[in-house]
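Presented sequentially are two complexes of subunit A, the first with subunit B as partner and the second with subunit C.
Let's look at the complex of A and B:
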């Protein structure tokens, strides 16, 4: 006690800060950092979950490099990212931009947009899966049949399956992005718009030269956040393609699903861990690139 | 160059009536200050003139044409906002030039105009900077520059100085006044600070609860306040109000003394006697304030003394070097022409 009493105020604050931080720090080390380190270690080993771990060196990575499925999955993952992020960004901005100007039923509409974000991804995936079924079950195809348009194979097509799975994934994240965009829009002082109105600046100039530049921090956040989400897409794909995980000819399979299959179908832990490390590196590089590109010049 | 006329202007937000029957004639080139406590409707009036709010009733005329249904950009006005409303992601040059976006001018003409404005406001070397690299006063100048660049007929200022510190405010006050003498445009300036109103205005419009209390030159509103609100609002420290009753011999004050020499007041009529601290002089023969000094506030060139009269406190200004001691008894009077008499019920001036 004497030792504590002799500390300066600053030192006492540090002691207390660490006392409170100790629990989360221990938690993070045990639950996060230890498994992460272990995953990197396993990626250099052979392990079937029950047997002995044996050293394999770079074998898992070399196998990955020469695996055509990996490259297909790699392309799919980036397709989710490159289509999903801009599409969800534009849609959520357009919704937020107009919702912000609306007074009538504002709260109710905002709730409607936020609802999918709170809904279970599994339930949602199964409902969308039903939408996509052929006649006489699927909603979309029934509608097409009713107006006399030929059937569309959604989930059983190598070209349509990926967009068909991406659509509900975009929709599910929309509510969150709309809320974030609205908060960003609200933070822009009204007088900026009033000044522009007095100067007679047309609305598109206001949008592209005032609103969007001032929303940049919000946009950076949403881009990074949704990119990570699309790179890690799993539950929508898994639940909409059960029975044939990854769709016809792996056309919808994202990296996380490949990891899941390697680990829990093939029990090739070393191979799965190597994929995890690659995914981690991709996430890291993409996030850093985005932060760098979108940062203030 | 334009005059501005407001005719029986009214504004309601739902059931709340914030402006009632505002009539005001502003001459071409005049510097008019709207002043009043917060919530008096001065900013709303300005925003209606700008076209940012719609009038519920009445008309706004600028340069002889009714502008009620015109967009702000078509009204030939410019506005300077309290928070400056300059865009943080644009350079000073772009900020000033933003107002010229829709002007029918060549690029060279626009550049020339921007530089001319920058020269007038003495900020040519700041053109390449971003607002974050500017001080408060410089930002204020950018906001004024953006308004000036369009060469509007009427400038509207919405409390532009209230975000500045006291010293800078005094300086900007002077700059705006000089600017007005130079550009000779009509200026309508909103503030809650009576000192700003007094120092800058050609004419002051004092408002309270959405109603104009008095319109007049600084000297008029100071020396001939129309009612007790104006009397108290203009001038610091504010005017002393001594309650009293009319008698045949003058006004009998609650303090027990009589004031004579003022206007005739009907017998038994309740009045308020208004007298400014600086008009109260010690030991006049006809003293109507008597009491003990309770507090001294030295200001250097003068000292404010608070006198307890037994029927309320009175503030008087005394000599800065030899003010009456705290605890001493003083007798104060004022020249009859410096004493204002108000009706105690309506607050209207009787003199």
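Let's look at the complex of A and C:
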């Protein structure tokens, strides 16, 4: 204690700061940084969890490169991104744009759109899975049958299954994006709109010349945030395709499901780790590209 | 005022009112379409709830309201106690993780914001950089760690990855910027130590941010799936999402029972949301925009 008392105020601050940070620093090193390095290390090893870890060099990456399933999965992962991000962006913007102009029961409407965000992906995946079943079980096909439209194969079709799984993911995320968009819309100064109205500027010019340009930070945030979500899609796919993981002919399998299966079904840890490194690189490159493209314009 | 003048002014009035009427009509349609869209949005949830109240013979009927509502499905699903266990697991795990994340994220955020010390910048960048690492990259090493230390299939094993979050640390740091340094200086002169200053002076001033973070962390842990799926292997240790997934995957489980299970895991967060609606939406915006 004597030593502490003799310290200057500045030195005392340093002692306190590191006392506060001691446990968190250990946590981040042991639970975040060490595992990250370990994942990269394992990706260069051959290991089935029980036997010995042996050095494999680039073997796992080469195997991945020549694995036709991986390329299928790669395409699927980007399909989730390329369909999911623009669709959810446009729908949530349209909802937010119009909802922002309404006062009557505004809070109630906002609640309706936000409610799905509070649900768990697993629960909703099972609900949607039921919707997609063929007659006489599934809700959608029962509706179609009731109005005399031919049946649609959802989860058992190689072409429809991926969008069918994407739909609940988009649906659940919409509420969040609407809320963020509305906050962005409200931050635009009213004086711009008043000036435009006095000048008699038509609504579409107001939309494209004022609203959208001023919303750019919000748009960038939503694009990057939702893209990361779609690239990491797992809960919905896993729960809607148990029994046939990844759907017919792997037509819905995303990278995270492939990682899960390699690691915890096949116990091929090195191979799974190599896939996680690829996932990390994809996320990094996509986020950086998006930030670059959207910020520059 | 002459008659013509009165007529002229009433005509201009009409001319003004006509577009206003059109605008009102447009507003009405805007409201109607958004209302119908909103109803459509909650339909999956409504169908889940209504199906959970249906007898088996009525399940494949598309009517929204069951002819004879029953809570038989809930009684059946809850009978063997598995769902109770999973709900208790999920609740305990989400509560402890939330408490831990609030405590440590705010402590670290506060330290990085209000203290000047060597290494501050490096610690900040290091924590921030972990935001870029996807959880999926860490699950394999976490699994190996858990296996080595006997954490598999335990509460600790499920919880340890989420005890601190980089997102929360960053969020709290942002909010502590709004606490004036003078307050802290004044408390220091009053003889409070640094721990007391953080807890009694700074923390009460960032309560809204703490609430926002709490909502995010709680919801995130309540719905977390991939890590609990990996780390648990006995039915008693499952969390609600993992339990529901295994329940749905059992052979011959009827859809109305799966809907009941889904409803059981969704109703708590829905009720919570309906009670604290305004508050939650404000929190989500705050965390979304600042984080």
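In this section, the second predicted complex is superposed on the first by the 270 of 297 C-alpha atoms of A that agree within 3 Å, B and C clash if a C-alpha of one lies under 4 Å from a C-alpha of the other, contacts with A are read in each partner's own complex, and residues count from 1 in each chain.
By our rule, contacts are C-beta pairs under 8 Å (C-beta built on N, C-alpha and C of every residue); 3 or more make two chains touch, one makes a residue touch a chain.
Since the structure is predicted, the reported quantities are computational estimates derived from the model, not experimental observations.
When the shared chain is aligned, subunit B comes close enough to touch A:201, but subunit C does not.
Of the two partners, subunit B and subunit C, it is C that touches more residues of subunit A.
Legend: residue contacts after superposition of the two complexes on their common chain; A:189 is shown touching subunit B, with no touch to subunit C.
Contacts of A:7 after superposition: neither subunit B nor subunit C is touched. Applying the stated contact rule after C-alpha superposition, one finds that A:26 touches neither subunit B nor subunit C.
Touching of subunit A by both subunit B and subunit C, each in its own complex, is seen for no residue at all.
Residues 50-52, 71-74, 77-79, 81-83, 85, 87-90, 98-99, 101-102, 146, 150 of subunit B touch subunit A in their complex. The part of subunit A that touches subunit C in the complex is made up of residues 10, 13-14, 16-18, 20-21, 23-25, 27-28, 31-36, 38-39, 42, 95, 98-99, 101-102, 104-105, 107, 109-124, 126-131, 133, 136-137, 139, 142-143, 146, 168, 171, 174-176, 179-180, 183, 221, 228, 232, 234-235, 238-239, 242-243, 256, 259-260, 263-264, 269, 272-273, 276-277, 279-280, 283-284, 287.
Subunit C contributes residues 27, 30-31, 33-35, 37-39, 41-42, 44-45, 47-48, 51, 60, 62, 104, 107-108, 110-111, 115-120, 123, 126-127, 130, 132-134, 136-145, 160-161, 163-164, 166, 169, 194-195, 198, 219, 222-223, 225-226, 229-230, 240-242, 244-245, 248-249, 255, 258-259, 261-263, 265-266, 269-270, 272-274, 277-278, 281, 284-285, 288-289 to its touches with subunit A in the complex. Residues of subunit A touching subunit B in their complex: 189, 191-192, 194-202, 205, 209-210, 213-214, 216.
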